[in-house]
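Here subunit A shows up in two complexes: once beside subunit B, once beside subunit C.
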Partner chain A sequence: MAEATQTADTTSPTKIMAAGYSRTVGRVAKYTLIRTVALLATVVVGIYLTILVANMGGHVDEIRRGQIRERVAIGVSMNPDMRQLPTAERTKMINEMVRVEEQRLGLDQPFIIRSFRFLTDALTLNLGRAQHISSDSGSRTVRLIILERLSPTLLLMATSNLLLFGLSVFFALYLSRKYGSLMDRLVIALSPLSSAPAWFYGIFLLLLFAAVLGWLPFGGMVKAPPPASRVEYGVSVLRHLTLPVLAWLISGIFSGVYGWRTFFLIFSSEDYVEMAKAKGLSSREIERSYILRPTLPNIITSFALLLIGLWQGAIILETVFNWPGLGRLLYSAIQLYDTPVIVGSTVLYAYLLALTVFLLDFIYALVDPRVRVGS
Partner chain B sequence: MKSLLRSLQQIRKYPSAIIGIVIITAMVLLALYTIATIPYSEAIRLWRGGEDVWGENPRLAGPAWYNLFLRQKQPTTLVLNSRDGAATKTVATSPTSSDAQDITLLFTFDYAYDGFPQELIVFLEAEYEQRPPHASLFWRTPDDREIRLGEFPVRRSETYRLALDSRLTRRLRSDRPEVALFADPDADSPTPLKGTYELEVHVHTFEADTDVEAKWVAYGQLHGLAGTDHRRRDLMVALMWGTPIALSFGLLAALGTTLTTMFIAAVGVWFGGWVDAIIQRITEVNMILPILPILIMVGTFYPQGRSIWVILGAVIALSIFGGAIKTFRAIFLQVKEAPYIEAARAYGASNSRIITLYLIPRILPVMIPSLVSGVPVYVFLEASLALLGLGDPVLPTWGKLIDNARAQGALHNGQYYWVLQPAVLLMVVGLAFAMVGFSLDRILNPRLRGL
Partner chain C sequence: MAQDTLLRINDLKLYFRTASGVVQAVDDVHFELAHDEAVVVIGESGCGKSSLAKAVLRLLPRNVHTYSGQVFLNGTDVMKLSDEAFRRQVRWVNMSLVPQAAMNALNPVMRVGDQVAEPMMVHYDVNRERALEQARRMFEHVGVPLDFMQRYAFELSGGMRQRVAIAMSLVTAPALIILDEPTSALDVLTQANIMNMLKRIKQEMETSFILITHDIATSSELADKVAVMYAGQIVEVGDAARFFTEPLHPYSRKLMASVPRLRGDAEPEFITGQPPSLVGLPPGCRFASRCPARFDRCDENPPVVADDGREVRCWLYDHGDLSTPIQNETEMEQVQTE
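So, the complex of A and B:
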């Protein structure tokens, strides 16, 4: 990292360089510390707010207390031994059982105290056990549930986003060369199409390819029952993957290409590019060293933001295509008031976001000599 | 300000912006027309209504304009009500008793479609003291066959569903009387016999002053301009009411979020120091909070929070410290150093005067395009929430139509109109705003103008 922070004028004598070097290290260390503390504080506040909302400020506890009382009362009335007891004694018994159950679940403590315990648990990635949702293998551990849903989400989101990113940049470079051509104007004209979200195109695609033509499946990740052979399994997953990925691409590609194309064009009208052209460099050379190089920080930022997006999954796209990923997990957790799962996914997301933001600062400095860390 | 207006006039050179503005104007007019013809409370009553409101509509019928493209013309709903004089009524005194009467209601209608109706129902209503009158129904086809339908006593209000009369289905040797009654007996595959049909409702009354009215409904395969859903509701109500809701939600949310974000960014930049620092930190926290899941939580956990206006408030509240602050802040930082701001400070302008009159106007060229382009985002956000089952519980919206259609498996069952109509409307509105916003961006941001 420290190397990256050296300024462009490295021609100065070695002594000065060494002094500058140690100053740089100090500055980077201080900056790293401040950034870490600030980001951690952000994560803590963000997660605490999520805990408050996900518990409805303690209201979920009331719901759970009600559920416990109902369950205990039903249990007692179904039990022939207890049904014989006089009413007063039975009520006492029910109250006692409810108290024990609430204590077991930690509901006897006030919500504020518990909310801070939730916070420390969440921050230490001690995600606990889900209340209603279980993983496909039957586990109630939030970590296992999230891990299980992670790979489908990564498969879907990574395929779609990497394709989208690669295609956007590639076509943008191509169009910035063919600036003003029919193709170029077509992309500009079509770019408002990106105002609709992916699920929206998903519905159209489902209508066309699944309902009318019947070529591709309506949803899910693999056909049921899953094929035994590896190859068939892969083909089945691929068939299920096509439509959601296509929906994602349609919704993103036009504005993506337009954005990058405009961006590249702005950079290719710089003086040094004109200079390079005058020198007679090949267009490939110009593209690589004079256009892509200075735009690298921006490309990296948007790539990093894209990576953050990967983790969260696309709640609605996954719902429309019945894709068993994190987005749908989060949605069903909210529907079932399953606080640990909600908080668990948010924690994961918050950490990844913070980490990415943190790394970005340094990567910037690595690729862009004009940026100095901590200055 | 004048230069802003002058550059806005360049919009004439952008055909896509003109198309967008035309569409938006048309949509606004449609929205105004909807609010004028179907008031808010009426829309809710209609959309929540059951058989009492929609009893005369077929279930899951496609739009009537399908017939323009179909070679085999499908029937639309036929409603004949004796109250409206659609039946010839004859009353004869019975030979057996002086009180008793024989009332005959004769419904005559032409049937010229190539498809069969969806369902056949006769609704009867009788006014009597103690003994209910007795009805027997007869069916006469164009080729002069007479088929006996059901026989039953008519209590105050009686609904006779032909498909549920097991004696009739046995007599017709078909589970679908609506097919058997209209079918040509000589044809190999069921084809309807075109011509004039008659339904005779013969009622024998036992008391003087007994009166009987009947309504004959042959439910069509197609209905109205937009078709109907699984609860017989006319989709036109939802499509029309979706317009003001989508427009107002999109515009209010875009306006609310852009204005608050801009104001906060201006305040932060102007005062600087700890105010700016706090705003920056809150923005960072806000970026970690996932917006859509929080909206889902608001919708799920707080049932009264389902109303579209509460969601609107939550959307605005969550984006007050949205990512746009960073963009606005960067511009404000430049503007703040401009000499005219310094001049304003020198003559003693107050903070609020500088912020509202000198800082904010300078950002309008950036703000206006982002505001207009922001509208589709929120129009689709409403639809997205509805798709997750978090739509407004009482109001019909486009998103809710898509959600209903998906939940009822409309795509599997081939009821494409149910999904396509709201989706196309969403698309049209979204595209219109996006096209205008896009052109505005190119006009007002000089860096993009030549590109």
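So, the complex of A and C:
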């Protein structure tokens, strides 16, 4: 054949395949190494910036020194034994107590040196103790605080986002088949509704279903006191979950469907889709093998990013619904300059993001033959 | 040439809605095709050739305005079938397609062997092994090395992709294959290879072809019959032998005169002017504005004159005898002096 791209047939095919295989392994290994180093560097830089920002470049130390001095001074003046001492001695004592306390908290060292200790602690997931916030069970350990808030956040965010993602893709596929229909135009017309955030709809839903109709609770995750039986507990959580999830769906569904519909429309006008139609494939087969399959990398990407996005929680939505999640934790941590909590939650997110990005590269190569790892 | 009719198209119309108006891409087309016969549809870009292929296969875009007429396949009017019945009974069972740009006609994430085998599994309910076996035979038939079955489309050259597309069209042995400019995206050498292969396939398999092309020179080798399309209409249909030596319609004559000859000193001519836009066409002959033989009656829609197995849509043959066109030099002069 004039246009055939013939491979050299001087060596045996098995030899060629073995050589190709070892080349592939070498390429993937090299790529993995470079990629890991690059991602770790990104994480280190990101965390360090977070430490600098959360400490306001060291300014938070000043605030804390002031707080310590105030606390010690009040403590001394309240103490009847010390109140009797002469002023000079009292001042000396206060200064000594402040020095000890600052030394205990490490404030005697310059911030720039401590910032690197914070960095190594954060990177080794040695998250330390919170300064002001404590968990509901009374612990000051950042790890415990975050773990306690993680499951409510995951429950809320996973339920809403998975529902939103599934419904969006499903309806978008349906609409891309009914291009220009009444339903299609309705969704496009309603898509500006998504410009309002979920908490905005949350307030309306609370007004309607909690205040006026009284069908569903105002907020929280479970009624107080929590029901003893597991079934009742589950039902109560479901009732509390309904409104925030609904608010999230209303705010996201229209733009989600609109976006995916346009995406599928573009890909369903590819020549190979028309060819599949000409071949007499059923519309289900066309959808599966000729629309969803070639677009799988895109779908996986947006799904993976959605999954790690769950981690951060939704600050205002959790506040509106009084949901005991990570979003609200982060909010109060920022308000209180509780840097260990801020850094702890950021470092976990950074690791998750890096891991996801790393895995996505390999998943692409698995699902799309056009993509080769490291080439 | 077999005499029984495989395909008969009557008054086929396909109009599209666009922002500037209704495009009459296929307008009142009718022609017939016998078993084991190859018809070449010739025409300029934008004359509706590809739309004709789409109309026959019911591959309609979203902006269809009118889609009507009759398409008889082995005596049944397939236009009356429901979409599902059309899919099961016509697509790839009786009619297959070789697309214009095989570059994008193959699914990028499916091995080409599986894509060729797919119609067998869909329409004949055979298992994957049997379907792949049939696909393997087709790969041999079109001259693609068998280990290419494991490859993806992006790993093939343009010529190889086109061969794969042809293998795909042959796999269910349909009675009719529509080739929509199968070689226009390829270099000259590959074009010649593919055309030779098509000629061989035509001899080996009893299949009818509709070959849509603007390349008159290469198509002449394959054609039993020629249909000339101009501005959405078929202006002339006839057997290839007589068409290539003595075309009837003024447009066909100009078209043939524009083909460079291997022997003889005749310089290729060109046709002055542009084909009309297919939006808002006025009544009358659509070629009239560019026609050297134009006269008064050309302002009205020309009749289709049939004689001795040839058909032409032109006032010059209104008297029913295709051997002698009306001599209308007086009228022609009138037009020129105006």
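Here are some notes:
Everything that follows uses one rule, which is that the second predicted complex is superposed on the first by the 362 of 375 C-alpha atoms of A that agree within 3 Å, B and C clash if a C-alpha of one lies under 4 Å from a C-alpha of the other, contacts with A are read in each partner's own complex, and residues count from 1 in each chain.
One rule holds for everything that comes next: a residue touches a chain if its C-beta (ideal position, glycine included) is under 8 Å from a C-beta of that chain, and two chains touch if they have at least 3 such contacts.
If you're wondering where the values come from, they're calculated on a predicted model, not measured in any experiment.
After superposition onto subunit A, the partners subunit B and subunit C occupy separate space and fit alongside each other. Residue contacts after overlaying the shared chain place A:A276 against subunit C, while subunit B stays out of touching range.
By the document's definition of touching, neither partner reaches A:T32: not subunit B, not subunit C. A count of residues in subunit A touched by subunit B and by subunit C gives the higher number to B.
When both complexes are overlaid on chain A, the residue A:T159 reaches neither subunit B nor subunit C. Of the two partner chains, subunit B is the only one that A:I266 touches; subunit C does not reach it. Residue contacts after overlaying the shared chain place A:S195 against subunit B, while subunit C stays out of touching range. Legend: residue contacts after superposition of the two complexes on their common chain; A:S302 is shown touching neither subunit B nor subunit C. By the touch criterion defined above, A:I316 lies against subunit B but remains apart from subunit C after alignment on the C-alpha atoms of chain A. For the pair subunit B and subunit C, the minimum alpha-carbon spacing after aligning on chain A is 8 Å.
The interface of subunit A with subunit B overlaps its interface with subunit C at residues 179.
Per the touch definition, subunit C reaches subunit A in the complex via residues 57, 59, 62, 87-88, 90-93, 96-97, 99, 101, 103-110, 118-119, 122-123, 143-145, 152, 154, 157-160, 168, 189-190, 193.
For subunit B in complex with subunit A, the touching residues are 16, 281, 284-285, 287-290, 292-294, 296-298, 300-302, 373, 376-377, 380, 383-384, 387-389, 402, 406, 411-412, 414, 416, 419-420, 423, 426-427, 430-431, 433-435, 437-438, 447-448, 451.
Residues of subunit A that touch subunit B in their complex: 38-39, 41-43, 45-47, 49-50, 53-54, 56, 59-60, 179, 189, 191-197, 199-200, 203-204, 206-207, 210-212, 218, 262, 265-266, 312, 315-316, 319-320, 330-331, 334-335, 337, 342, 345-346, 349-350, 353-354.
Note for the complex: subunit A touches subunit C at residues 1-6, 179-180, 270-272, 274-282, 285, 289-290, 293-294, 296, 367-370.
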